[in-house]
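Okay, here's the structure, questions in a sec.
Naming follows writing order (A, B and C), and every chain is counted from residue 1.
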Amino acid sequence: MSRRGRLLLFGCAGSGLLAVLVIGLHGLPPFGDFHGAYGLLVDRLEPGRRHATDIVTALNFDLRAFDTLGEEFILFASVTGVALLLRHLRDEEDEPPRRSVDDHRFAGASDALRLLSLILIPLLVSLGVYLALHGALTPGGGFQAGVVLAAGPLAILLAGRYLALKRVAPHWAVEALDGIGALAYAAIGLGGLIFASAYLENFLPLGTSGHLLSGGMMPLNSIAVGLEVTGAFLLTWTEFLDQDLLVARGEL
Amino acid sequence: MTALQAVALLLVVAAGTAIVFISDPLRQTLVLSIFGLTLTLLFFVLQAPDVALSQLVVGSVGMPVIILAALRKIAQHASARERHEEDGE
Amino acid sequence: MAFAPFAAAAWLFVIGLYGVVSSQNLVRTVLSLTVVQSSTYLVLLGVGYRHAAKAPIVADIPTTSRLVDPVTQVLVLTDVVIEATVIALLLALVVQAHKRFGTVDPAKLRALRD
């Protein structure tokens, strides 16, 4: 079918879909008027029962921890897929790509960029650790902290020193980080099975609300997810960037 | 619905529509970052700070780096292929 | 006016689909998919919102105050981070297709297959 025919067909089908969506979404409760019972119950009961002041993190890592386990493994599977595809691609190359005209532009970075990344790296690492540990108290948690921590080595990369990145975050370390994070989350669940009555049920002392070590196993889960997300993002970035800068730097 | 929420929603719709109608993938990546920023503002105004934090870090750091790295890899393969064809002739 | 977020979500969904259908570059297809994903975030957060309610963090407000529904926020939060890696997987497939066939145009890819 020609492109014009395809677009015409989409014009009819798309407007039909838009109409159906609008009619369907009218059945939802009006904006601002939601009376879902589950949410109301959690809002009332959670701070007393789980001693965590951030209700969203408590849901994520304690009350609905099983859903987070599933989502975490979606992440793991996608990153494994990226690594497999791009490594297969790399092994198929019959020769390393020769240096092209614009390769040298990235291999050196200006001094301003180097200074900025020097300032950024400790800020990013400390912010990431803060977010991971304070997940149960203030907005934060493992997912956000993982991405912020992964941006630390990325700042090294942006300063133009790809081989330094390879030394700080080599392949085996990044893969190990990813795997250990996923394994730790599943293993904490086993602790619930052994010491409490169900998989992923809380079995650690709850502590007082508002203190750093409150919420039982919530900080542990948060740290495990943070490790996994850091490893996943670093692995994805290094897989995509792998051959470009290596060649340029080697020929300088 | 407060005025701030209405403005944020309008910005989100405008940025989302803009992404679809730009032809160069590199420019699309930049508009995607701006789209992430408008989404962050909307999530914040809808009283969801955790979600806003998530969207902020992913939309400014996570996604654009992945897309730019993929675009670079495609460009690199294209230039390698051109060089192969030149050598073959 | 109360229907605005849902209308915006429906519009983003359809315009994202238009981007997928009409693009001549596979990378543009993948980027239009992110617009479709964000429409689902809008619907979820729009459903859970309550008028004059605060964010579900009780560190400094009394625990009996009126709060927004937290369950829908949990769904969106994990989704935002995970969709980034799914987009990475799709882009890895695009890179692989380009390596094999030398083009990222979906029309030309179909011609090569036939």
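The rule we apply is simple: a contact is a pair of C-beta atoms (placed from the backbone, for glycine too) under 8 Å apart; a residue touches a chain by one contact, two chains touch by 3 or more.
Quantities reported herein were computed from a predicted structural model and do not represent experimental measurements.
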Centroid-based (C-alpha) most distant chain relative to chain C: A
Of A-C and A-B, whichever chain pair has more C-beta contact pairs: A-C
Distance between chain centroids, defined by C-alpha means - chain B, chain C (Å): 11
Geometric centre distance via CA averages, chain B-chain A, whole Å: 17
Multi-partner residues of chain C (at least 2 other chains): 2, 4-5, 11, 18, 46, 49, 55-57, 73, 77, 80-81, 84, 88, 91-92, 95, 99
Multi-chain contact residues (two or more partners), chain A: 31-32, 54, 56, 139, 141, 143-144, 147, 233, 236, 240
Residue list for chain B, restricted to those that touch at least two other chains: 1, 49-51, 54, 58, 62, 66, 70, 73
Complex contacts: residues of chain C adjacent to chain A: 2-7, 9-11, 13-14, 17-18, 21-22, 43, 46-51, 55-59, 63-64, 67, 69-74, 77-82, 84-86, 88-89, 91-93, 95-96, 99, 107
Interface residues, chain B side, partner chain A - complex: 1, 49-51, 53-54, 57-58, 61-62, 65-66, 69-70, 72-73, 76, 79-80, 83
Chain B to chain C touching residues, read off their complex: 1, 6, 9, 12-13, 16-17, 19-20, 23, 25, 28-29, 32, 35, 39, 42-43, 46-51, 54-55, 58, 62-63, 66-67, 70-71, 73-74, 77-78, 81
Complex contacts: residues of chain C adjacent to chain B: 1-2, 4-5, 8, 11-12, 15-16, 18-19, 25, 27-28, 31-32, 34-35, 38, 41-42, 45-46, 49, 53-57, 68, 73, 76-77, 80-81, 84, 87-88, 91-92, 94-95, 98-99, 102, 104
Complex contact set, residues of chain A against chain C: 3, 6-7, 10, 14, 17-18, 21-22, 25-26, 28-34, 36, 38-40, 42-44, 47-48, 53-56, 59-60, 64, 67-68, 71, 74-75, 78-79, 81-82, 85-86, 88-89, 92, 137-139, 141, 143-144, 146-147, 210, 229, 232-233, 236, 239-240
